[in-house]
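The following pair of complexes shares a single chain, chain A, combined with chain B in the former and chain C in the latter.
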Partner chain A sequence: MDIAEKMNVFQDAVQVDPRVVAQEHMMTGENLYIPEKTVGAPFVDDPKMRMRDVNVFYGADQAIHGVSLDIGKNEVVALIGPSGCGKSTFLRCMNRMNDTIDICRVEGSLHLENQDIYDPKLDVVELRARVGMVFQKPNPFPKSIYDNVAYGPRIHGLANRKTDLDEIVENSLRKAGLWDEVKDRLDSAGTGLSGGQQQRLCIARTIAVSPEVVLMDEPCSALDPIATAKIEELIRELSESYTIAIVTHSMQQAARVSQRTAYFHLGWLVEMNDTDTVFTKPQHELTESYITGRFG
Partner chain B sequence: MDNLNLDQHISRQFNDDLEEIRTSMLEMGGLVERQVADAIRALEDADSTLADKVMEVESRIDSMEMDIDDTCTTLIARRQPAASDLRMVLAVSKTLRDLERIGDEANKIAKMAILLSEQGSAPRGYTEVRHIGNCVRKMLNDALDAFSRFDAESAIATMKEDRQVDMDYKSALREMITYMMEDPRSISRSMNILWTLRSLERIGDHAKNICEHIVYLVQGRDIRHRDPD
Partner chain C sequence: MSVTTEQVRKTLARRYRAEKRFKAYGICAISIGLLALLLLFTDIIGKGYRAFYEYSVALQITFDPESLEIDDPRDLEQLQYGNYEAVVREALQARFPGVEGREDRRALAALVSTAAGYRLREMLENSPELLGQTRTLWLQLNDDADMFLKSSEAKRKTARLSDQQQTWMLELEQSDEVRAGFNHSLFTRGDSREPEQAGILGAILGSFFTMLVTLALSFPIGVAAAVYLEEFAPKNRFTDFIEVNINNLAAVPSIIFGLLGLAVFIGLFGMPRSVPLVGGLVLTLMTLPTIIISSRAAIKAVPPSIRQAAMGLGASKMQVVLQFVLPLALPGMLTGGIIGMAQALGETAPLLMIGMVAFIVELPAGAMDAATVLPVQVFLWASSPEQSFVTMTSAAIMVLMTFLITMNTMAVVMRKRLERRW
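Take a look at the complex of A and B:
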């Protein structure tokens, strides 16, 4: 048997099972497999966002494998999973934030209602006004509190008069639960606020342009428990007007704020179900292992 | 250890905590089983010393219930268990309650045993007590065994036995009433047997509840007030 034949035998051996070994059980050494089809109920009737067979590549590496899911109107969906499972990558596809990464390539269909998000003719700035984003670290502009919130409405031409703009700024700050704390110092720098206040300022800035969907990428990971509780309460209030997708490392947070939860593992969507089911009787062993702290 | 992989958390302390509530609960179960067996024997043999012993164990069972329940509360507060871990803590907590109630029923039977040993034995009903007593003791034993093995199938089989216990109880009841009508002088002593039968029937109900908790723990299905299949 020459070396080429030996290689073929070796490759056949490693490709015996087409399913992906996701995790070796820590104690038993038994293999846990990614399911061939997402477990649970990833689809809803009349969704706000509809994603089908989404693949994402960074150069030659595939980060997301054929993920299909829906996000319903005025729903809070939590995306959870171990580090590097692709949840943030997937979130960033939803308003084309991945466009800023040269080697990133997105395949599949992503729709915001009837709008194809990856339509080459689509104005990305307009898309990001409809699908806003809040990041892990609060990132206010080095401007005044007022200007931070007024920035979006100004560039999108949402207010013609100063009084209209004042109203948008006040409403957005009120919705973000920050108005009472900053109304007397709207001209001071946004960066001078505490971490939790800065994050609520960023949320106010996001909702100032009246988005339909708000994406949140670990919005509380840099905040203390009280600031976190305020943001979580805010998420609940905001879900009355907006559709929200949140990536979080805190499973308790996912359990507290979301109606549905999606569990990602190594770039696959393993399970998506209503949050109550995921946290009391998950249907897939990988989900169970992750949320009960058997690996992560 | 088991098919729920309760010993495989990243945190070994969490493994130990879960294992502790489970083994303590099973230990309490063993004590309650013994208490039921002793109470029935005390009644049959008119042995008031044994009946006294049954009533002494009661306070130990009560304090075990409170201790384990306290550990469950701490575990929820400190670990925020989810999925099978959460179901485990809930199932243990609910089972504790049923075990404690079974202990109470055994206590009542022991009291009847003392009364009957003082007033003289009842003329009828001992065969029924022995028969139903054996049935519910087996149910309790099987339920605790199913809990230790996380065996939902055998829990379902065990809970079905409760129907037969209920039927046997009703027929024993009819027989005792008939006898009391025939011989009113025996009413007082026969009533003690009736209360005993009633306690045994309740023990069967609690064993059935424990089986329901096992099915919830293992399969995540709530089968209370419905057909288990």
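Take a look at the complex of A and C:
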């Protein structure tokens, strides 16, 4: 095969099957193909959220390729995978945060129980009250701690009286494990807290509107190990009352907090299964390569 | 010693030299800037400080009914036509008894400002019992006599006073019958043909009303345009086109806005000439792009994490903008607004076009009264031939600069104080 021929083959590959390109990107040199169909058990009975054949495009680039998975009630699902694999993009589809990006286009069906998330008639405000989000970098509002937590209930009119609001704020801060640390200075600025406290404040702010699902986009990536441990403990407690989807870079974290784990690779969902199974008996070579640290 | 270390040491001296050279360039540039500023200020202050005080002369004024041609000081008509100058003239002749002949007497009378007559009338109106009495009064000198006293020995020879007048002034000065006092009329009167009676209050009020109109229009419109363009406008060719044209608008020479104002506001809409309302409208057009551009920059600087946090909680677009973006962007917007206002305050060219360059003596009472503004007043006085107007020009510039520096300082202080960290 001369060089011109090779180029042709390569270009054909680019145009015809992006998965071959995916393989070109791999650092291992092993002959690993992304499977046609997700390996493992991506579906559960009676799910809280049901996603089928989700494709996401940024302009002409496709970021998510036909992902189908379920998130069960009161379960913690971890989305893992190397950088740029689309896990955050997928997470942000679940409460339509991608709407704000003009060039972003979402295809497929996404349901929260029986509600089509991308139904044009659905008000995105209502959706986001049901599906809350915690971001990578702690982003408290430049307001007092109290106002940070009270913001959501206020805009949705969840509390009519000051005492009701006080109660919501206290409960949310208690659930986020922050009450004892801040109860004496609720009027001081939320931005004056430490990084870990700020992130717990953001979690308190999210659960103050009593969402059904909480989406977490690498909530610990900006935190030190002790703050991380606190947040992880918090996630386990929260899973008793909320359904949680968490994107994480740390496989240990996924193993510690989640019941089920989904492994994304270059926009494809390669494997999804019980967390134990994914980490002890991965069924796909790509998953195995990733969790054993051969690339990432 | 490794090869690398050796190599590093060799180049080190050169690198430090380059750094020192670079620093020297910077210090040079700043020094030139400061020097220019210093030169400007010393020149203006050196010329202008004399306008802030004025000389008056002590005269024995007798409110003689015959000379005044007034027998009843309560009769307003008589008061209005009273011959006050005759009284002043008599007082001067009493002080210098040897002066004979029409020419000489006229030269003597010319030493005192015509404003003295107005003052006597005012006194008589307020206290009619003065009629027939004699008082020692400090009366304002004419601008030439005033300038003569303000000048140094060497410059007095070139003063616009005749030799005889100079002798009289020297005599008054030696016997302490003249004194310097604060120039009240500078801050309490409008323009005048007589320099000693001219003031900048008219121009200050004109500037104030013009700025009021400009601020009331350009800030809300500019902020609204910036918010719409940043937050709500779809990104397409049309909005790109708008953006390019806003930047074009910022580059349009200001006199063009004056021509536009003349054609549209005065020609088409039939608004009156020379009024602060039209001036404000024209300056609004001129400052709009500045405010829009700085407001957009301020909105862009609001961290996206704050928007995402609010949207993630289910805040609507409107709530995100009103509760987070605007409060966080406000310091930047205000800074842009104040700088735009300062720009408008110093603007002359477009206002010449809409007739705010007229000679107006009355103080404007509102945005619909004919008025002039500070920089135009500077322009008017600078083109007047009287020697005193040269110092008045510098004084007006000093006042204008004080306002501009205050506004710019306010912008800096506001940015420092309102700036929030997140």
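Simple rule for what comes next: the second predicted complex is superposed on the first by the 266 of 296 C-alpha atoms of A that agree within 3 Å, B and C clash if a C-alpha of one lies under 4 Å from a C-alpha of the other, contacts with A are read in each partner's own complex, and residues count from 1 in each chain.
In this section, contacts are C-beta pairs under 8 Å (C-beta built on N, C-alpha and C of every residue); 3 or more make two chains touch, one makes a residue touch a chain.
Model, not experiment: these values are computed from the prediction.
Colleague: For A:M133 in the superposed arrangement: first (chain B), second (chain C), both or neither?
Modeller: Touch partner of A:M133: chain C, not chain B.
Colleague: Figure out whether A:R294 sits in contact with chain B (first) or chain C (second), or with both, or with neither.
Modeller: first
Colleague: Answer with first, second, both or neither: which of chain B and chain C does A:A255 touch in the superposed model?
Modeller: Once the two structures are laid over each other on A, A:A255 reaches chain B alone.
Colleague: Is A:K281 in contact with chain B, with chain C, with both, or with neither (first, second, both, neither)?
Modeller: The first partner, chain B, only.
Colleague: Using the touch definition from the top, say if A:D102 reaches chain B (first), chain C (second), both or neither.
Modeller: The second partner, chain C, only.
Colleague: After the superposition on A, what does A:F57 contact: first (chain B), second (chain C), both or neither?
Modeller: neither
Colleague: If you count the residues of chain A that each partner touches, which comes out higher, chain B or chain C?
Modeller: Of chain B and chain C, the partner in contact with more residues of chain A is C.
Colleague: Quick check on the superposed pair: does A:Y33 touch chain B, chain C, both, or neither? Answer first, second, both or neither.
Modeller: neither
Colleague: If you lay the two complexes on top of each other, which residues of chain A touch chain B in one and chain C in the other?
Modeller: After superposing on chain A, no chain A residue contacts both chain B and chain C.
Colleague: Which residues, counting only chain A, touch chain C once they are in their complex?
Modeller: Residues 95, 97, 100, 102, 124-129, 132-135, 137, 139-142, 151-152, 155-156, 191, 202, 205-206, 209 of chain A touch chain C in their complex.
Colleague: List the residues on chain C that touch chain A in their complex, please.
Modeller: Checking each residue of chain C against chain A gives 234-235, 303, 305-316, 319, 324, 328, 420-422.
Colleague: Hey, which residues of chain A end up touching chain B in the complex?
Modeller: 25-28, 251-252, 255, 279-282, 287-289, 291-296
Colleague: Contact residues on chain B for chain A in the complex?
Modeller: 5, 7-11, 14, 80-87, 220
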